[in-house]
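Report on the following structure.
Chain lettering (A, B, C and D) follows the sequence in which the chains are written, and residue indices restart at 1 in each chain.
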């Protein structure tokens, strides 16, 4: 599945005294990436939530290779890693756009839950949209 | 009215590449201070909200005198500036605790609104608790 | 002087439990706006800083008219309010792009200081670039 | 090695529209915890950095079990997982203090690098202080 990409410009608010982007801010970039991925798939977090389902993160990991710095233009690459009965995994990669350097990579795993935080099956709409997209890309 | 004080330890996440606390983070300190002030008054944001009333900020200002730095222990001082029919103003001062230096000062004005964001009168409980506290302090 | 505009997409990380953008996040939007304004003027915070000058915020104010919400596309409008001997003021307005609604407005005042945090005169380059831009726009 | 604990009170700024602490904020809690752990060991990030060494995070993971909510008092538990020639791993656990419920757990791995971001050996002072502490606790 080809990843969805979105851009982000680093501001001082993202950086720490070591003159690099604070490590926690990458989880914001991951969120930004998967939101745009959902949009590409024709899905919307907001609509899914209004339909009664939330997708809290249950597990995340990030490995840092190079630092991002103030005013860098980042490329955020996001893809669906897997879709299971009641969970979804997104893969994220953060690049320095100008030099095409991989800065960090990681994943987020999300459960599908109802408003009482009970695990539920993945909504049909999500499964169908992801399957459709894969088919449109010539992937099984 | 004597101000309520609370402490906060600065971490790297709060600081920017100039090795000082990012200017926007002071609004977090203001929030932290007024939450503790409410607790001192016997009030709770959470309970007020569960009662149907929110207090969105309509106006804020912050003047910065000295920089806060990594690992500084801050003293956040908060007081009620005024309570009007449908709004409340808090005064905030941020000190460097060890040296008792004033770092920044400002205010936040909040409207009382219902869940539809319509302006409502200040809840009786809030008015009473603030009046009680002033009386207990020998203030009119 | 015509304002510089830049866009920003709201993510969950920006929002609070009232389902709106947290009030402190607007100071991040202000920073994002003035960085792009500087870029438009041919100036760079990074280069000014490497030249020995920083621009800490000494005063900021923000008035909030309407709430920004998750996934909103914001338009950040920034302009130079004034340039004095040792300080600069930026004016900021945040709009909801789709509906062209003004959400918030405010300013930031910055001092020009050297690495020892001593006040210095505005660098010639900054004064010249701002004057050039005004002239190019037919403003005195 | 007995973990170091520190407390943190959740504010609205930490929470998202699902009324829980945003997943990225836990990395701030991890930082807060390891800073206090270093203080307990008689070490200081600031002094290590002034001595020419930084400890950028190279890998982090966080698993989320239960949500933290607004106004919750959290207990942040931090311990040294391992100390290798040029890296250190911290283990972090976040508890809801009142109910003693484990909310999240994870780790951060840090490299020791000089100002040019070149890998260096762990400073003697760090190795000694950690060994001393283990000995004082009756650990080998």
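Throughout what follows, a contact is a pair of C-beta atoms (placed from the backbone, for glycine too) under 8 Å apart; a residue touches a chain by one contact, two chains touch by 3 or more.
This one's a predicted model, so the numbers in the text were calculated from it and none came from an experiment.
In this structure, the chain pairs A-B and B-C differ in their number of contacting C-beta pairs, and the larger number is found at B-C.
Farthest chain from subunit D, judged by C-alpha centroids: C. Which listed pair repeats C-D comes down to matching contact pairs by residue number; over half match for A-B among B-D, A-C or A-B. Taking each chain's centre as the average of its CA atoms, subunit A and subunit C sit 29 Å apart. Inter-chain spacing, taken between the CA centroids of subunit B and subunit C, is 25 Å. Measuring from the averaged C-alpha position of subunit A to that of subunit B gives a distance of 34 Å.
Multi-chain contact residues of subunit B (touching two or more other chains): 12-13, 18, 24, 27-28, 31, 70. The residues of subunit C lying in touch with subunit B in their complex are 18, 20, 23-25, 27-28, 31, 49, 54, 56-64, 67, 108, 117.
Contact residues of subunit C toward subunit A in the complex are 9, 11-13, 27-28, 31-32, 35, 44-46, 70-71. Of all residues in subunit C, only 12-13, 15-19, 22, 24, 70 touch subunit D in the complex they form.
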